[in-house]
Each structure stands twice: as structure tokens, then as C-alpha cells.
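Have a look at these structures, which come just after this line.
Shared between the two complexes below is chain A, which has chain B as its partner in the first and chain C in the second.
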Partner chain A sequence: MKTQTLRSPSENASIAGEKPMPKYIRRSLFPLSIDDPELGGKAQASWADAIVLDFAKKPGCDWQEDLKARMPAAIHAAAKGGAEVFIRINRNAAAAELDAAVFSGISGVVLKGVTAPADIVATAGRLDALEAGRGIEPGSLEIDVEVDTAGAVWHSLEIARASRRFGFFLVNEPALCRSLGMQSAPALEFDPLEYIKSQLIAVATSVGGQAAGMSYPLGLRPEDAGGDAVKAAVRRARDTGFKGALCPGASWIAACNEGFRPTAEEADYYVKVIEVFAEGLKRGMASVPIDGKMIDVPVDVRAKLYLKWANRAQARDDEKARAHE
Partner chain B sequence: MAETVNPRRSWMIVPAHDPAAVMRYPEREPDVVVLDLEYSVPPRSKETARAGLGALINKIGDSQADAFVRVDRDTRWADVRAAMRRGIRGIVFPGPDAPEEVVELDRLIAAMEKERGVEPGRTELALMLESAKGFWNAASIAQASPRVTALGVGRIDLTMMLGPVPQDEFRLYRFLMTRTLVAARMLGKQPLGALWRPGSRGGVATKDATARAAREASLMGFTGCVCATPEQVAPVNEGFAST
Partner chain C sequence: MNNRVSRCAMFVTPTKPRFIDKAWTRGGDVYILDIEDSIAPAEKERCRTLIRESIEKASKGGASIYVRINKPFVDADLPYAVWPGVDRIMLPKTESAAEMQHAHEIISRLELERGIPPGTIELSPMIESALGAVNIHELLTATPRKIWSQGGATGYDMAVNLGIEMFASFDQYAFPAAYVALAAMSLDIEATGGVFVPNTSGRVDQGDQAARQAAALHAAGIHHSGALHPAFIQPLISGLTPTEEEIAWAKTVVEAFDALADAGESVGQIDGKVIDKYERDTAKRTLDWAAACAAKDAYKARALSRAEAG
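This part shows the complex of A and B:
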């Protein structure tokens, strides 16, 4: 008789290899305007994982009708390089802006100015209707939150839990500093947003989402950054727990794509860890040494997760490369 | 965008049982004179301090500084009754744990305003978070009464309760300050606090250490702090000047 191994759902979910790590590969989120005549070219040349589309309401005309007429083509253009496309929406006018801007082809919306979970609930409700009315798969559109207010920080857990659509926190450091009355020039020896960033990473992860942000001081003075400074800052941000960053300029994108993932050396090391630990298990050992370090179950699990992350990042790069062919 | 809700930079603590010490305050030019009924008053002098509040508030009320009274958490009811006089600008309530305590104090103040002829609703509340419970309830506590205009970190009590032993970088305190700042800014209250380093707070802080603590707090988004000694007022005013 065949013996079945019975597992509870939580046991199944805890199997390391089945955990998404991370859920999304969005290392670089690049804002572009739909009014930019070179939108398609810039999006394709950027190699960003995601394009965040901004729009201006044209005066002297019905801005909603104008946007509805232009948005589908803009979404198509932004996706040319294989990027996911998001629309940035103002919380204050969310319903009207969603009606005018949400069309097939986007992955979701980035909501800015959020102060309370009710903002997410209202947006989710509007997306339900728009998905139904515009031929978009029900429940597929994501809500990402640009964290730029004190209220968004304070209510972050309730905000992240407010809808199954929640995907990302994107830290907008200059705007958040203004909301908190902080000096937005990086004049302190430490990152005044350190604890806020930690909170957002932990909260987003707790609901299966992620957080995008940059390390201090680059998040507050992007204009001064050189290539090496961006690379170093991305590494610090990755090591803090961020999975990507909102890129103020195209110059950040390559560093973000390369930095917000395990390095090739790290991936090689994880492969070695997994192989050596598996061999040790066969020999009845609970832990094995590699290069003077002890490898046990948690280290093995982490290696599998991070290797999966590296593979998924590589797959995303391959996907974008195909879009460029 | 956040705005400076309140320009009160220096909240100078003076022992209410010592009128001579109190009345030297103009030499220091604090924005707020906090007549203390808490730590700086010996237990045996509490009644004397309460009895003398009226005269002191009258004198301070005629000056540029605002007169607040810091009550003792354990005797706050009697302290508020003694403090409520024409000319008082507000009460500093140290160590609130729950919104209900603020609501209760709000009602007592309202009753005393009516009884003593103080303009209804004029008396403010400045809350100093001094317990882990109060710290965690910061937003609900600060929203418990429209009188609450300032929210601060009661560093010594709060960190004493949490029990860190900082040697150099006091990272826990930065967390406490950050979270208090977020609550205060979210609710439009004045954030009070200074980035005191280990070994340099309150009565033992040098002028330079005080100026640095105030300046760094200002960069973090705070707009004022409590001064435990008169000597701290000038560097605090200077440190928060940019706000």
C-alpha cells in the first residue's frame, strides 16, 4: 500500500522552494509622462522593469475624455521594452483619474497621497468596476502605494491589509520628508527615515507584498549621484530589504536591475550551499561546514530562496531581451 | 506638506515651589515657561507649589512667554484644579497611557475653565509620551481631545521603562522619536523632542550638546523640546531657529 505524506496547508506553504522570493521582479520603476513624444523610445531604451505613467490634465478641454483617447496608445508604447506598466493616480481625485486612465495592458496603479486604508478600499472598489467594464481580468490590477505622507506611514499595516490588490510600497523620500517637516537635504549623519523604511519593508512583506526604496542619502539627493554611488546605494538598499526603487532618472535603472538581485557570486555560493547540504543530509548530518561557516536548515532554505530570486531576475531580463528583438 | 504648527521652541521647566527661580525666566527668554508640579518639586513642597501657581501664572501671562503647568501623573486631578487660572495657556501631561485619560483631563479642564472664567477651549494640552503603552497609543491619545496641540517624547521615563543601555549610538531613541514625529505630523500637532546623546541629556547636557541635540531634532522634523535647565534655553532656541 502506498504511504501518503499528509501535510496541512500551512506546512505546504512553508516549503522553502515553493515560497515566492520575491513575489515580483520590479527592480527599477521608471516614471515617464504620457505627454512625452518619445515615450515609446525612452521606455524601450530604459530597460526598466516597470514604467510608471504620469499624466497632466489638459486645461480647456474635457481632461477625462482626452485621457481616455490617449491612454491606450501610451500604455502600448510604454510596454514596448517588455516593462510592466503602471499608472500613477492622485488619491484626491482617484475615482475620476481611474476612470480616465485604467485600460487593458497595465499591471496596476500607483496611488500617491494616501493617508488611510479607506483610500485603498475606495480604489479597489473602483478597479472592480473598471475591470468588469473594460475587459480586464477580474482582480488582476494591483494597487501600489507611493508613501509620501505621515498618515501612510502610521497606517501602513492597515493600508497594506486593506485590499488583496496591494502589491508595493514605494518610498518617495523627498515628499515624505516634507510631510514630516524633515530637512529634505541629507544633513544628518544617519538616515532619519531608517525606521520608517524598516517598518514599510516588514509590513509589505507581511502581506505578501514588497517595498521599493533607496538608501540614505541617495534617496534624498538623486541629482548628485554618480554611477558608483548609485551602485553602492542600491546594494545598501537591497541589503536593507528593498526589492527595487523608483528611479528619478534613466541613469539609475541599470544599477537597480543589477543590484536588486543576488549577484552571480552569491548565486554560485548558494548553489554550492544547496549541494553540500544535500550531500550532508544523505550522510545523516544536520549541519555541514563550508569555508568555515556552518550550513544548516535555515541557511539551506535561504540559499534556495535567494537562488530562486536570482533565477527569476534572470528570467525577467531574458523576457525583456526578447521584447527588444 | 507639513507646516510648523506652533513656534514654541523652548519649554523651560521651572520648579513651581520656588517663585524666585521661576521669576528669573525672562533672563533666558524661553518660548514657554512650564511651571512644574512633577519631578523638580519635592513631595513636601507640592502643596506650596500648587498654592503659588495663581500668582506666577498672572505674572507670566503678562509676558511674551506662554505659561503651562506640568502636572504629576499621579496627582493630575488636584494639580489641574490648582493650575486652572486666567492666563494659563496649557497643561503638560506627562505619561498618558490611554485616550480615556486624556478625555477625562479634557473634561476636568473644561469644567475648570467654566468655573474660573477661562475662555472655553483655550487651555491646551501637551502630551509627553513616557510609557511603552502610551507610546504605542500615541495617535489615539493625541486625537482624544482637540486641546492637544503638542506631542513629545519623554525620553528619560520612556527609555528607563524600555531598558536599553546605550553606550554610543542611541538607536532605540531614534526609533521612539521617529514614531512620535510621524504621529504628531499626521495629526497636525507640534512634535517635541531633541536628539539627546547618551550621557548628555537634561541637567547634565553642555551648551554644545544641547545645541546639537536641538539642531539634529530640527533636521528630523521636530520644532521644540523641553529644557530641564535654564542654561538649555538659548541653545535650544538657536537649534530650532530654522524651523
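This part shows the complex of A and C:
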């Protein structure tokens, strides 16, 4: 896989009041089924930052006991390539599904079908008990929200604020279109969900979380597409504020891992900005030019934040590479 | 005077005499004396001491004066920023009602101490983060101070908060900018943004860009904008002022609707266009804004004349 070098002077570049931005390096979220006999191999070969595990309830048996028996091994298999692991849970059967699926080794649960903040509160309460009962660090499991209903959009701020466990919104555009009664075929010249996506990004960011999604039309037509098409869509998604995307196929993952981070060229530029601005400050200047552009405090702050982001993404890639050794 | 009209509010740097000394000759509606990001940390103390004399210099041509202070230094900055002649304090990166209330209390005390009628100075939250955007309604209702116009949730700091590169060819702030504008309008505060105007170059000195910006805002019924370069001033001012044709049409609509109302009717037509209460209200707003612009321009002309004579 492609690697980049960590760039200085990020290590010493601290910013007053700084929070990590983005909070998580989760550029590619790859759904796999625990029933897939090649789960471990597919997870490892994918190089995804995160695996989202789906499960089916087996008929003719106690599905909860069946799931409890199989889930720990599935979590272990999904994590083989260094990915974080999440379990996708249905809101309308959340309590039973959480009991059957939550075990050590996952980062959190992705809750789908959410319509109100009460769904988050109830899930948080159940996770409190499961963490205590299953040897998981208290408060460590995230609740992430797959946005697929009008209610989730309308109540997005209350949902994001409902629990400190909130991590990210994951936009499921086809399902959301169905919920809104909209045509889900991408026949329009504009993105019908542009405002909603922007809302979810802003709301998630406001609580220190983030949003994952794809730009139009790929977000609405989640299928394998050519490399250049995915790269362009990822770039636009990043410039909208998304920090990653749910990848319907493995072909999206490399483009997401590469695109949902500052590029190598951008990182080089940030290093230059930090160095030139620091020199300017020593001379008492509030702004200094680089290639005709003025560099001032906000530009310097951005350079430091984005360089840290680039380095954290690289560290994540290195971590996955070690898991593959 | 006439603080409502801010077709072009331009940032100026008090520590740079060539900017401050010429500001009054450039015709801006508003000058924003900046103590924040255009001032190096080592220069902030000196900048504070220059605010009072800069107010007089920059307003000689009839412009209103705003002062942008620093979020981390509100207590230190405000005593240097609140003086007679200041129309608005701009509070950067505001995110909570408590920040607004804290600034309001200090401004109130300083108004009392300095002979400024209580509540004269506006206090405007600058929305530069997602948290500020989603909290906009509580920010705007946190104090009793009047705010004529409010926008934001775009720009550099917002981009950094969202983790995006600016100057894409599409609207990167669709929700936050519109949400802030809508919150302002819901409180009878005029919106200053919420309309996307592409600027992929990122340049701030091109008059044709200013003209495109003004046309887009004007079409959306928004009258206020900002600038970082003098080249933006005249295109924004002319572009955000109703044209003679718009004023004439507005007068026609108002007169026609009033005649309809006198006749007990509520809907009519002029040249095939429907005239009703909503069209009448829109026309009335055009005439109100045109009158405010004319008053501001007359005030600026008189001030300029005095300054040139002096």
C-alpha cells in the first residue's frame, strides 16, 4: 500500500484550545456480514479503517444465543487487518440485538432507523450495563447513527447531544430518500440532499463528532465505479466536510483512505506555511506572503491542524500495516 | 448614524497608517477596526491604544465603525474598543450565550462610564464554527442589544472547523450559512449572507467578483456584505443599492395595490404581473431600503465634504 512520511514540525505545533480534528481517522467504513465465510480474509484484504458488521437472525433457533456464540470470533476476524469494528444494530430491536452482539473488541454500534434522541438514550443505558457485565471499559463504546429517516435529520442536533457516546453520523442516502418519499435514482442535475448533508456535518462537528458520507451521485447510487469517478467524488465529499464514507465495495476503499485526508502536496505546503509564518512572527509581522498568498494567524492555525490530521492518518495507515505483518 | 446600512463593511488594520489614514476617502459604509487576526500577537497591545484615534480617522467620510476584538481577550480588548463613535462590537468565534452576556455586561459598564447612551453599541456574534452556527438563535437572543444585521458561518475559521479546503466550486456551507441567516430573519434581523457565490480563486481584490457577489445577494434580498480590499467597496455599494428602475417599479406596485385596497380588491395585475399583498410588501421593503441607502449616501457626502474642506 502507498505510504507517506510523517512531516514535521507537527509534533511541537500546539494550538490553544485545540481538539483533535477530525476526532477519528475513519476514512473507509466497509460493511461485511458475520455469516460471510471469508470475513477475516476480506476484512484484512480491504485495508478499511473500519469494518461494520451486519448479521442476520437465523430462523428456527434462538437467534440471540446463536449470535452470542459467533460474535466474538467474528469481531476478532474483522479486526485482523487493523480495522476498528462496529456492529450495525436496528433501533426497533436494539435492546435484544445489543445483548446478543456487543462484546469486547468493538469500537461501538451503528444504530439504524433512529427517529428521536430517546433512541440514543435507551441505547446508551443498555451499553452501560453491557460494558459492566462484559469487561468492557465503562463509557468506551460509541453510539453512531446511520441517518436513514426524516426523524433522524429533523432531530439531528438533539440526537448528537443525547449521549457523550455519540461519534458520527453515517448518511445512508438511498434509505433516506425512501424515508423522505423522494426518487432515489440520481436523475437530477443537483444533489437533492445537499442541505441535509451539510446539516449533518455541521451538527456532528458541533458536538466534536464527525459525519461520513459520499457526494452526489455516488452517495445515492452506492455501486462500484471507476477509480477516477470515486476519487473525484471523495474529493468533493471531503470538501463538503465528510471525514469518510461507507464503502459498498472494496473498490472504494483505497480512494477513501487516500482522499479523506490532506494530500501529500497539501502537507508539504502546511509545513512551509508553519515555518514561514513562525519566521514572520519573530520579525513582528502579522502576515507574510507565500507564492502571492498572505499567511496570517488563521492560515497558520489551519496548517498546524491539518498537518496533524495528515500525520494521524499516516499513523493509522502504519498501524494497519503492522497488523498485516 | 444610519448604522443599518452596511452594503460594504471593510476590515482595516489600525496599526497600518496607510490603511487607516486613507479609509475615509474610499467611500465604505462601514470600517471594521481589527484587533484580531490581522494583528500580530506582539502588536495587539499597541493596536488597542490606536483604536480611539482610528475611530475618528476612519469615520471622517461618514462611515459607521465596528471593532473586532479577540475571543481570548474580551476583558482586555473591550476597554480599548468601547468609545463614542463605535457602532458595533464584533465578537469573533462566538459559541455560547454566556459569551454574549459577558461581553454585554462589560460594554454596558463602559457605556455608562464613557457617556454613551446605554445600549447604543451593537454586539454581533461572529459565527465561525459549527457550534456557533447551531447555537445561533440563543446567541442572538442572549442580550437586549439591537443588532441590525447578522450573517456568517462561512469563511476561513469555519472551513477549518469543518476540515475543508475553501474556494471549491460549490456551496460548502449550505446548512450553516442558511441556518444563521434564517435565525436572524426570524428575529427581524437583516441577513448578511446565506447565498453562495463561487470564488474558486480565493482572491479578495477583484471588482468583478464583488459585482457578482452583489448581484447574487441583491437578487436574494440581502443588502449587506463585507470586504478585505478597497476594490470591493464601490461594486458592493452600487450593486446592493436599488436601481432607479427597481424603485420606480416598487412605487408603481405600492400605488397600484393601495388603489386596489381602496376599491376593496386584494389582487390585480400590471402588465400581466400579479399584484397582491406580498408583492406590495416586497415593494415597500425595496422603497424602505432605497430610502435608507439614500440617507446614508447623503450623510457620507456631507461628511466627506466637511473632511475635504477641513
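The rule is simple: the second predicted complex is superposed on the first by the 307 of 325 C-alpha atoms of A that agree within 3 Å, B and C clash if a C-alpha of one lies under 4 Å from a C-alpha of the other, contacts with A are read in each partner's own complex, and residues count from 1 in each chain.
Going forward, contacts are C-beta pairs under 8 Å (C-beta built on N, C-alpha and C of every residue); 3 or more make two chains touch, one makes a residue touch a chain.
Just so it is clear, the structure is predicted and the values come from calculations on it, not from any experiment.
Contacts of A:E194 after superposition: both chain B and chain C are touched. Of the two partner chains, chain C is the only one that A:V301 touches; chain B does not reach it.
In the superposition on chain A, A:A232 makes contact with neither chain B nor chain C. Applying the stated contact rule after C-alpha superposition, one finds that A:L281 touches chain C and leaves chain B untouched. Of the two partner chains placed by the overlay, only chain C lies in contact with A:T205; chain B stays clear of it. Contact with chain C, but none with chain B, is seen for A:G241 once the two complexes are overlaid on the shared chain.
Looking at the superposition, the partner that touches the larger set of chain A residues, chain B or chain C, turns out to be C.
Of the two partner chains placed around the shared chain by superposition, neither chain B nor chain C is touched by A:A96. Touching of chain A by both chain B and chain C, each in its own complex, is seen for residues 194-196. Against chain B, the residues of chain A that register as touching in their complex are 115, 149-151, 153-154, 177-183, 187-188, 190, 192-196.
Contacts from chain A toward chain C in the complex involve residues 16, 21-22, 157, 194-199, 201-207, 236, 238-241, 243, 266, 281, 284-287, 293, 296-299, 301-302, 305-306, 309. Put simply, chain B touches chain A in their complex at residues 1-4, 139, 169, 174-175, 178-179, 181-183, 185-186, 191, 216, 218-223, 243. Contact residues on chain C toward chain A in their complex (touch as defined above): 13, 15, 37-43, 72, 129-131, 133-135, 156-157, 159-165, 168, 170-176, 178-179, 202.
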